[in-house]
Amino acid sequence: LHKTFRKSARKVGLPPGTLLHIGNVRSNATTITVLDYDEHSCREIAVRTVEELLSFKSSSTITWIQVSGIHQIDVMEKIGQVFGLHPLTMEDILNTTHRPKLEDHGEYVHIILKMLYYQADDANPEIEQISLIIGSNYVISFLESEKDHFHQLREWIQQGKGRIRKLASDYLAYAIMDIIVDRYFIILEKLGETVEFLEDKLLLDATPDILPEIHALKTEMLFLRKLVWPIREMIGALERGQTALFQESTLIYLRDIYDHTIQVIDTLETYRDIMSGMLDIYLSSINNRLSEVMKVLTIISTIFIPLTFIAGVYGMNFKNMPELEWEWGYPLVLALMLTIGAFMLRYFKRKKWL
Amino acid sequence: LHKTFRKSARKVGLPPGTLLHIGNVRSNATTITVLDYDEHSCREIAVRTVEELLSFKSSSTITWIQVSGIHQIDVMEKIGQVFGLHPLTMEDILNTTHRPKLEDHGEYVHIILKMLYYQADDANPEIEQISLIIGSNYVISFLESEKDHFHQLREWIQQGKGRIRKLASDYLAYAIMDIIVDRYFIILEKLGETVEFLEDKLLLDATPDILPEIHALKTEMLFLRKLVWPIREMIGALERGQTALFQESTLIYLRDIYDHTIQVIDTLETYRDIMSGMLDIYLSSINNRLSEVMKVLTIISTIFIPLTFIAGVYGMNFKNMPELEWEWGYPLVLALMLTIGAFMLRYFKRKKWL
Amino acid sequence: LHKTFRKSARKVGLPPGTLLHIGNVRSNATTITVLDYDEHSCREIAVRTVEELLSFKSSSTITWIQVSGIHQIDVMEKIGQVFGLHPLTMEDILNTTHRPKLEDHGEYVHIILKMLYYQADDANPEIEQISLIIGSNYVISFLESEKDHFHQLREWIQQGKGRIRKLASDYLAYAIMDIIVDRYFIILEKLGETVEFLEDKLLLDATPDILPEIHALKTEMLFLRKLVWPIREMIGALERGQTALFQESTLIYLRDIYDHTIQVIDTLETYRDIMSGMLDIYLSSINNRLSEVMKVLTIISTIFIPLTFIAGVYGMNFKNMPELEWEWGYPLVLALMLTIGAFMLRYFKRKKWL
Amino acid sequence: LHKTFRKSARKVGLPPGTLLHIGNVRSNATTITVLDYDEHSCREIAVRTVEELLSFKSSSTITWIQVSGIHQIDVMEKIGQVFGLHPLTMEDILNTTHRPKLEDHGEYVHIILKMLYYQADDANPEIEQISLIIGSNYVISFLESEKDHFHQLREWIQQGKGRIRKLASDYLAYAIMDIIVDRYFIILEKLGETVEFLEDKLLLDATPDILPEIHALKTEMLFLRKLVWPIREMIGALERGQTALFQESTLIYLRDIYDHTIQVIDTLETYRDIMSGMLDIYLSSINNRLSEVMKVLTIISTIFIPLTFIAGVYGMNFKNMPELEWEWGYPLVLALMLTIGAFMLRYFKRKKWL
Amino acid sequence: LHKTFRKSARKVGLPPGTLLHIGNVRSNATTITVLDYDEHSCREIAVRTVEELLSFKSSSTITWIQVSGIHQIDVMEKIGQVFGLHPLTMEDILNTTHRPKLEDHGEYVHIILKMLYYQADDANPEIEQISLIIGSNYVISFLESEKDHFHQLREWIQQGKGRIRKLASDYLAYAIMDIIVDRYFIILEKLGETVEFLEDKLLLDATPDILPEIHALKTEMLFLRKLVWPIREMIGALERGQTALFQESTLIYLRDIYDHTIQVIDTLETYRDIMSGMLDIYLSSINNRLSEVMKVLTIISTIFIPLTFIAGVYGMNFKNMPELEWEWGYPLVLALMLTIGAFMLRYFKRKKWL
């Protein structure tokens, strides 16, 4: 998850406004699909040249232009020109390491979000940056890959499910954002399973190799938090009504996304607190076990060392050791040893070491 | 307490506004009871069909509609239609994992709260989400289960106790919220008892199995805090007069609830600080005991190891060992051993290990 | 100090506005004393029935009504009626576990504060809740016990000391608050002595029983902080001029109390930081001592174990052990042992263990 | 540094406005020196009675009155009367334990600051409270001692250096404050040296007696921080233009002091972070050394204990022990012991303990 | 990096406004280069005397004056006079330990930033303070050294790349700031590599000498953070439109820098969290290894100490020890020892120590 963070250094030494794709190339070519609809009709159009998009810019219908693959600088540049996007906006769209943000350019609103999803065979979530350009009657969604994350939304629109066909482009943007934020709950659920798994493991049978797992989980939670946090501010700004493109009636839906992000953050914080509590328990359990080990050593040593000493004494070869000649010398010494041992055991029992 | 957190993932992939019950089903069927009153009269009505509720929407009396059981989507949908509730409001009512919140929809105010209570035979508190819809002359309370948490309030109304019969729907909403918040103090009292119990246990006789108990208590306090915290903001927003449905004279009562939530949070923070202080003591007491154990081992070993060595020397079988032939060899060696032992003991006394 | 926290649970299940005394009964009966003064005259009046108070409500003089003992619900209720106090105000006055607060009811201002004082023979401070009702020409002070905390103030008024006789009821309220806050410094001084005592003890001769003492001190500081903190907000609100009853010229005095509370909080924070720094030192000193103990054990063991082994070798009873027959066998072995011992000692010296 | 904190308790039980000197007496008598100047002239005047000051209050020149020694209550009281200072202002000037603050009384502004300086032969900085009363054409500086902290400023004024002679009393106040804040950098520099000294000591050769040193340094940094922090707020308030006495053109200079205080706080925070990082290293280095000690013990014990056991076996006195009779018994056993020892050593090498 | 912090103490005792170069001298002499351009022309001018600059102050072209080397007080003073810079501005430019800041003087805006760069052969980044004076038609950049950090920008201007030739001095200032902030990403990338390197090292093979490395990295991150943080506030102030010199159209570019600084801070925080998580793992891994060591010792000791005792018993020289005479005495004792050893091993297996 966190390898994508350090790539912006490539841009150093280029004049501002230079278009440069930062990130991994995840698609073959830039493909553009258009969904044009109003309350009564809906058609999907395959677009070959960027110029075809021009007509949608000022049509009376709502147009959803999905651009999959952003590494073809020339195509991207043309799209920017057709829709009159600011050079810095284009830069941000191409920089896939950008943090989530919202910027109002008057004519259009630019939103950057991160889509998280699991590949079929992968334990770590994939991260893909999605840029939305929201104009008065169109929404452009820039995706890094050719994955069709929004096919369900497209179907709902085509089938006229929900109220989306009756509403404007801001509601379409909301619907896209809602899908992205909803995906976070799947990540969250998997994190929650990992937390519970680790919790059980820690309380039952903690081995040292649990620490890197906890470390990895904490790092992942850290990154997820960094992705979700800016969305709060983003929607907070929208709610304060600073953006004319978003209508009153849409704001209540944004408030719903806002609630979701708060729930994500809340849950992450709860997980983090549980994890750090678990870590404390683990650390003190190590100490405890060390203490246990030492007790065993101490008890065994403390009992036998004096006895061994006594045995050593009567193993000495002095000529003149009267005890050695005694008839009952040996049994007496054995009895002495037993007494000392018993006394020691009682002492440890009293100290509650046994 | 915290198993309920991760269920929202089920909603992913559904169009916004789709009604879906998230959570455990806790009742057999949705039952609706109505309490209709004004200053002079009060009657309780059993309602069979949702349509019967329509008449209460615009009557001059205050109507309290209690809906027990929210998992019957069709019934819920009808209630939403009768009272003109926004689809997102209905979604939130059905999502029993929602965090507490307040939303003003102009026509009505939607409040989500969590009721905490102990089952007769259970150590952990049950958690139940309660949604309030507050209109100008009605209050709808949605409960997950068929438990009648508010029977006392119903009696007070029927008996005309307090001022509730003379006041409007906002005061009824306050009375319901007051009962919910009051319950937190019972949880708090039990937590306090646990804190004191653990405090005594730690200072008297700390065993390692106290750690999971502390962990569980901390987790529980964490969740309680997450439930209470949003209520502060909620009432803060009401106090700033943003909601026309709440009258000036009711605000002073909300301020009282606000004080209660602050007291809950304050007490939780105090408990948390005490707990973490106790944990520090426990951890250092482990270290201390380890230190004690090591001292015993060290004293015994350090005294007897040199003595055993001496015994070993005189146990050697060399032909030519003059000491062995001495008349007083044996007593002299014993005396030497005693001296060394005594010296060691004095050394440890000086070092304050004894 | 912290046993008083959990009593509010008793109120659960009662309709709001029900008067109930929460806390310990600390006086025999409710007694009322009145001090009525203006610039020219001052008289102290013993009051038998609550009704006598009515005349002071609208007199032109300043009246200070002190109510000692608040557990007699009927008397309290009457006082509330005579001065037109809101039911919630009465509830708060009777709930001695309430946190400090200020509430402006237009007609009067209600302030809750906590008086802390040492009993003659007690190590822990007593805590007593004091409620002030400040009207335009009267101040009612509700005390839990019959202790006359304000006898000095009463004398100053009677003797006309300072400017109090010339000023209005808000200045009287300030004078009472000032006395309460001043008392905190006595607590603070004692805490400071304890901090210094523990600091010296830790650095000189730390034993494990210092931890519960630190724990107790930290808990006490925690509670004091919780009592003082709300006073800041309280006076901050007064300063923002939200309360018409407090005049401009009195605000500069409130600012003085505000400075005092900041000093209390600052000092508490400093103490807390010092304490936690001390705790760190203590914990690492335990580790250090453990390390010392282990070194002694290791040095003794490491020197004697190889020597004992050599002695053991020559204690074996093999028939054919040529060394045993050597003339100089024994002295040679002793010399070998000495060499090994000396080598070991030099090794430890180099490692700086000695 | 921190012994001065707890003296305010002496004031408890006195009516507000009672003048009482809190702190150590640091001067013999109160002496007053006056510097009266305008753009063209400048004269230094020795003042014997307070009444002489009256003429300066309304003169057209700028007057700097320095009062050294504040413990003579009667003199202080007269000064207060001559310049119309509020009783609470006088109280604060006499209370040398007051925290830094700024208070605007309309007629004059009252600023409390702390001067820190090293005595020639002292390792700990002295702390002295300095109160400034800033009127429209005069500045009174109250010092605890007779030390002439501002002699340089006086010379600059007399020599007409800089712009001070052309500017009003607010610039004079700034110049005094600037000197006080500049002194903090000397303290800071010494702290920085101590931090570096401790850093080197910790990394090279950490002994347990470094902990009290770190504790002392942290406490000192804590106190310095508490002195500097309020100055930020103070100047922030001045910048917000709340004080008519400070002119626009002076504010840019105050901004400069503000920058300095931020630098002090920043540096202190950096030092604190470095210190706590160092403490972590020290604590883990103790653990490391313990680990080293234990390894030595374990290696020696683990190698020799089995060998000693074997020697013990062949030291037994059984009649019938065939190995003892073998010709090669002894060398074989020695070879066995060598093998076991070598095996053990290899085991520890593999475990990287050697 | 952090040796530069403590030099401001040199200024103590000088009147405000005295020019004094604080920091290391990094250039031979002060050299001035001028780039004068508008949309149509662009010329680079070598300047010998400061007076030549006067003509550029009010020309209609944009002039970029770069001053390399600031330690020549007389030259600096003249520049200040020519462009009418406030004495405090000059002081700040000369004080190379100043923290980043922005100050609006109406006529001009003064910005202080820190350039970070790696010397060819150095592991630690160099730090150089860069002051910008932004007037309506000129920008003066003061550099400590003769390094030409902005040669690329100069080329872009000369070649007319980007939009810079068409825009005003505020855009030139932005372009300079952008280059400085971009450099931080190079530092960040190197830090990221170090973090990853340490992460791998810790998980694979942690030795105690990793701690000073972590300490150094944390300190470096601390300082970088302190440099970047003020830039946020700076640009925030510009965005709030407080500075007339910066036009609306330039603000969107500043917003871009703002985003960069947030990304730097975010990444630093992430690194810090990762580092502290790693530290926890390292510390507990030390404990773990100690625990391992102790287990080995305990197992070996606990098995052999009783056996050695038995051997000792039968090594005693008592006359009357019947076992010694038994035919099968020796094998029986060996069998007993084996049994005890096997029992011990099983015990440790059960305890999961093996």
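The chains carry the letters A, B, C, D and E, assigned in the order they are written, with residues numbered from 1 in each.
One rule holds for everything that comes next: a contact is a pair of C-beta atoms (placed from the backbone, for glycine too) under 8 Å apart; a residue touches a chain by one contact, two chains touch by 3 or more.
In this text the structure is predicted, and so the values were computed from the model without any measurement.
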| item | value |
| --- | --- |
| Set of chains whose contacts include both subunit E and subunit B | A |
| Interchain centroid distance [CA atoms averaged], subunit D/subunit E, Å | 26 |
| Whole-Å separation of chain centres (CA-atom averages), subunit A against subunit C | 42 |
| Residues of subunit C whose C-beta touches two or more other chains | 287, 290, 294, 297, 301, 305, 308, 312, 315-317, 321 |
| Chain contact graph, described as a line, ring, star, complete graph or other shape | ring |
| Ordered ring members, subunit A first, subunit E second | A, E, D, C, B |
| Subunit E residues touching subunit D - in the complex, by the definition given at the top | 2, 5-6, 8-9, 11-13, 15-18, 86, 88, 91, 98-99, 101, 103, 105, 208, 211-212, 215, 218-219, 222-223, 226, 279, 282-283, 286-287, 289-290, 293-294, 296-297, 300-301, 304-305, 307-308, 311-312, 314-317, 321, 323-330, 333-334, 337 |
| Touching residues on subunit E, where the partner in the complex is subunit A | 152-153, 156, 161-164, 174-175, 178, 182-183, 185-186, 188-189, 192, 203, 252-253, 255-256, 259-260, 262-263, 266-267, 270, 273-274, 277-278, 280-281, 284-285, 287-288, 290-291, 294-295, 297-298, 301-302, 305-306, 308-309, 312-313, 315-321, 353 |
